[in-house]
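In what comes next, chain A is part of two complexes: it sits with chain B in the first one and with chain C in the second one.
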Partner chain A sequence: MKAIVTLFERILQRVNINLRELGFDATPYIHIIPIGQMIKFYGFYGITPHHPLNFKFKNSNLAGSYFLGRCQVNNAILYKSDIRGDELKKRGDIFQYNDYKIPVVDNEEIQVEDSLLIKTLVHNFSHDPESLERFFIKDTISMNHSNIHGSPCEGCFIGAFATADLTTMHDCVIGNFAYIQAEEISHLNIPHGTIWVRNPGKFNFYYQHPQEKLNEYVYFSAGSPPQGKLIDFVADRKEAFQRVFDVVNIEQLIPVPSSASLDRYSVTRGQTTIGENVLVAQRAYLQNASLGKGVNVQENCFVINSNLEGNDVAAHGAKIIEADLGSMVFVGFNSFLRGRPDNRLTIGENCIVMPHTIIDVNGAVNIPPDYLVWGLIQSEEDLETHSISIEEFTKVETRLAMGNMFFEGNGAAFIEAFQDRIRHILKANGAFFNGAEKKGHAQKNQYISFNTIQPYPEGNKKGIFPTIVIKP
Partner chain B sequence: MNQIVKDFMVTLSDYATTYKGATLYEAVLALETAKKDVDQTVHPHWVVLVLDENDEVIGKLSQLNLLMALEPKTEYTAVVDRLDRFGFSSKFVASIRETSLNNEAIDNYLYPDNLAMDMKVDDFMKTLSENEFIDENTTLNSAAHQFSIRKRLSLLVTREEKTVGVLRLADVFSALITAMKKAHNDEGEPA
Partner chain C sequence: MKAIVTLFERILQRVNINLRELGFDATPYIHIIPIGQMIKFYGFYGITPHHPLNFKFKNSNLAGSYFLGRCQVNNAILYKSDIRGDELKKRGDIFQYNDYKIPVVDNEEIQVEDSLLIKTLVHNFSHDPESLERFFIKDTISMNHSNIHGSPCEGCFIGAFATADLTTMHDCVIGNFAYIQAEEISHLNIPHGTIWVRNPGKFNFYYQHPQEKLNEYVYFSAGSPPQGKLIDFVADRKEAFQRVFDVVNIEQLIPVPSSASLDRYSVTRGQTTIGENVLVAQRAYLQNASLGKGVNVQENCFVINSNLEGNDVAAHGAKIIEADLGSMVFVGFNSFLRGRPDNRLTIGENCIVMPHTIIDVNGAVNIPPDYLVWGLIQSEEDLETHSISIEEFTKVETRLAMGNMFFEGNGAAFIEAFQDRIRHILKANGAFFNGAEKKGHAQKNQYISFNTIQPYPEGNKKGIFPTIVIKP
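Up next is the complex of A and B:
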């Protein structure tokens, strides 16, 4: 196992060098990772007729990780991570950036180099106008349940349950449960629980989760493993995934319409129903879930004892428990929405639940239709400072502050940006498929073959996968 | 301007000083006492120097540092304080601070309670950086140039590594005005 230990230390050193200016040392955060775990699991990749295929793995550990599309991994450790390259740009595409229409000259590729990704989702495409054909992740460590979404990064440490969304990052520390969507950032240390959505010149949204309360949900400090209710919640359901990863040919337990896709690496339990044009991605967990037409449940989502009426989006890592959602509700990345069996959480149609929102209530909470919701909500009263009708928000022309939320800019532009994105997500996922046209992932991802790859079983290279090149 | 720095510095013994471990209140008193001592001069002291047990200067406290130390500090104000790093305009941040200060709960923050006055100077003093120092034999011309490029209101004067005084911008500027007047008058005199 000498090679994997050397690799581990090499990655750590490179990350620390990049973050020296911030005075950040990743050592105590990652030395708690049991390297022995890295040799237990196989890696696997998908083949479809819809996505350009090109994999190259070299001097890396890929334990339990999944790859789709075009991806190159060099000198990296990827543990139970999803590298999903089904939205990469293709040669000939035109990338719009401000007033520039930039031609894409080659098929885009995800390149992971000298990095350690733990239970991380990598998805979407590079939004960096300076790096259109290369979605790079270099000299970076990302911790449990983090998302790197359309965000090339170099020299970064991304904390547990953190999300980098459509943001190029250089030498940054992203705190636990922080969500960043800010085009480009460098040399920033983002505090835990920061929610920051910025479009320079148009709007700037910032929310700070109260630290002490957030610690109850996600807490990860030097020298101890990630803790908190979110970690416990996921850990309690870990066993359910054992079967889907152990069995090669798995049968679907529930009927799935021909226009819908239920990933074979997802879990379904109880009385779960899947409507037309539904997409359920890998590592999603459904239990007594009713998913209406066009609903989209992305990677690492949990939907338990809940009804999603139709065209709702549960973005990567969202958790919805004992809740009833009207149609077209967007639940952002890693949100944790938990009602109670006798006091359900109701969210009206067209609501936007901001990424990394926590709604955890003992009493019944009813969010009216067309509301914007954010932050940490533990009672009906908290809604007063953590939600606003979309109509009201649209009227904001300069600034707004409510509790720990600060907004500067044009409210209408902010809402429009979100609504555009929700429509794009639904379209890309095939929610609007009419039987012949408007196919998306729900229809295209039905035909995926999965192949497994394994590391050296013994010796110095134990745990390292041999150099593998896979081409069409 | 043929003079050198030591001709213009205020010696450490004449300057407002306090010791590591002193309270905010003691620092304020030191500033006030020193101010009274130099009431006859044009420019009073506005900085307290913090000394260690060997009488070495280890930090500075300006009036601004003292005011900042008295600012209310809550989780909320900490969030507001970092907004400018996240792309918010200074106008926006100022308006949030103003609203926050108008909050009834912290209306009287300028009349601090014992808790604030007992804060240790070590916790809010400005620690010294390399470019805070100037040798006592530096010419005043060079000192004026150093103030300009270092953008400081005072520099600590050293003699063989030991801090012996303070050179204040106001004193250098006064010398500069005197030199300008002399040069102007000399030029104006008939040959």
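Up next is the complex of A and C:
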């Protein structure tokens, strides 16, 4: 065990050095993690002819973690993380950034170095024009259920259920349940529950979850493990995943159309139906879920007793319970949408539910079509200050304040950016596949070979994986 | 599938070119193999701190195959093979060969190139003084249930249930159920059922299984798959192994002493007991087996309704049914010892059952202690011409003929060589472990991390594994 303890301390020290200016010490947050857990699980990787293959793992612990595309992991501890790599840029691509047309000079690689990621989802569609060939995560600690989504980061601490999305970060602390999409940030300490979407010169969306109320859902401070309803919700369903990891060849419990993909590491229960072009990712949980054509349920999502009509997107970590969604509804990262069996939550078509939205109302909630929704909604009244019709919002030209939300800039540009992105997600996932063309992940991820990897089982290197190189 | 078909044809051509002088064509033997089978199973490898780690797999199919020690596989098809590497020579070792003391200049590597191995067990304690650092298998085809045991080979075809043991072979055909231990051979076509143990200048043991009778047990000729009682016996128990390959973490069904090792890819059924210092290897099958202290049951062995008193060795592929073995009994490779429930087979202590011995008698058979046994024994009378007391045999100074067996040379040297080897096996396997010293495989193989590897699941490379490199 000596080597893994040394590695753990080394990562901690590097992160603390990077965060010295913010006066942040990660020690009490991560010293609650029992290292013994980190040697219990196998890691695994997928192979398909569609993904660039270049795995390199060195002096790392990869317990319970999954890898799909090109990768390079050195001196890192990745505990139950999920690192996809199916949207990596290729040599010869031209990357458009504002007026720049930047040639991609090498196949893009995901590099994770000197970092500790706990149950973190890393998705790779990175947008940093300064580092097109390297999606780096360096000297960084990210905590339970966080997302690093196309966000290169160096010297950062990312809290529980936090999401860094398309943001290059240097020496930052991202609070629990904070969502950041801000191009490039440096030396910032982002408070818990901040929702910040910024496009410099175009718009700036800012919302602050009320701290006390947020604590009911996600609470994580120095010295004790993360707590709250979101943690409990996930923990209660942990057991259901046992079987998918215990069995080598798993039978599919429900019919899946040939144009759709239901990951073998997802869980399906009850009366669940899968439509054409549906993509259900790793570690998604479906229970009495009806998924219409083109629906996309991403990693770590839960869809329970709910109907998603078609082309809906449940982004990484979203939870949808007792709800009926019209078509083309986008549910952002880590959102927690909970209707009640006798008071269901209804969301009309084309709605955009911002990342990290919580809707948790005892009565029935009905969100009309074409609405933008955000923040913490615990009553019908909250809805008034936490939603607006998209049509209204596109009229904003200078600024808008509603409750804890402040927006400045061009509303239409903000909506357009969101809608562009939703279309990109649906397209990349194969929602528009017509039987011959417009293939996406739903069609390409059907046949993945899964391979398990394990660490040294005893001795000084116990828990450290051997050096592994996998190439075409 | 294109790549695997090309690879298959390439190997076949290379073997046929090597065997052109013997006029042997492997085509009809291997064209009965459905390539579709070869893409169905995962390969796997073990990691421990005790084994030199240096796996390299390139342009190969490894379906169902297992790897333990240093290895390098290029352009090969290894179907359900088991390639151990736990007795590899190390840089700096001195290898004693007659009067030569030869320094080992590099860590030994197993190299398998341009070869097709079907359900072949490869064990690595090689003795070729000409190639201490490379245990090579090149341009070779070996068929179902054969053993390549410390035997470098180039341009060979090895039949079903055949064993090449400590023999360097160039351009040879080894017949079905033939056992060869002959230092170095070249351009020979060894008939089916030949048992040949030679130490040039010292002794030469030669036995020929009667062809007609052998065919009942193992029959394999061009154009149809292997047949016979041995094939049926193994096939009948194939199902029992399903579970150990289907489940990721398998529970141990019976108690195993801390000094013993029961491989997680073995099968145990009924009232089976495991004594101290016992080593049960991969793909061994135990049913109502009582294994006393220091017993060693090697890969692909079956022990059914039998008692092994202690320090007995069941060498690779041996089958022991309804039998009671005294202590220190050695049962050679692929032997088939079948007693009957009401007429058990008894073998006294210190007996040496030569490799590829078949004892299959309807009545009770009682082999006294300190006997040498060989060949095909179907009746009590056969025993008279197929066994001799070790004491008698050591008196032979020139030659001895009994039935189909012909021996020339020094009987004592022959027995001594065997007994030396049995002691080596017991020692290497940890049979003499005293709680602190004399550790062997039984103590070192307890904690192996198993890792699965899979081929490309579709496309041109379907069935070909990616390039994989695993280092410390």
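Just so we're on the same page, the second predicted complex is superposed on the first by the 472 of 472 C-alpha atoms of A that agree within 3 Å, B and C clash if a C-alpha of one lies under 4 Å from a C-alpha of the other, contacts with A are read in each partner's own complex, and residues count from 1 in each chain.
Just so it is clear, a residue touches a chain if its C-beta (ideal position, glycine included) is under 8 Å from a C-beta of that chain, and two chains touch if they have at least 3 such contacts.
Remember, it's a predicted structure, so these values are computed and weren't measured experimentally.
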{"item": "Touching partner for A:Tyr447 - first (chain B), second (chain C), both, neither", "value": "second"}
{"item": "First (chain B), second (chain C), both or neither touched by A:Pro210", "value": "first"}
{"item": "Touched partner set for A:Leu188, first chain B, second chain C, both or neither", "value": "first"}
{"item": "Which superposed partner A:Pro200 touches (first chain B, second chain C, both, neither)", "value": "first"}
{"item": "More chain A residues in contact - chain B or chain C", "value": "C"}
{"item": "Touching partner for A:Ala401 - first (chain B), second (chain C), both, neither", "value": "first"}
{"item": "Shared chain A contacts, counted only where both chain B and chain C touch the same residue", "value": "none"}
{"item": "Residues of chain A defined as touching chain B within the complex", "value": "182, 188, 191, 196, 198, 200, 204, 206, 208, 210-211, 399, 401, 404, 406, 408"}
{"item": "For the chain C and chain A complex, residues of the former touching the latter", "value": "42, 47-49, 53, 245-249, 447-461, 466-472"}
{"item": "Chain A-facing residues of chain B, complex", "value": "75-76, 79, 82-83, 85-89, 92, 95-96, 99"}
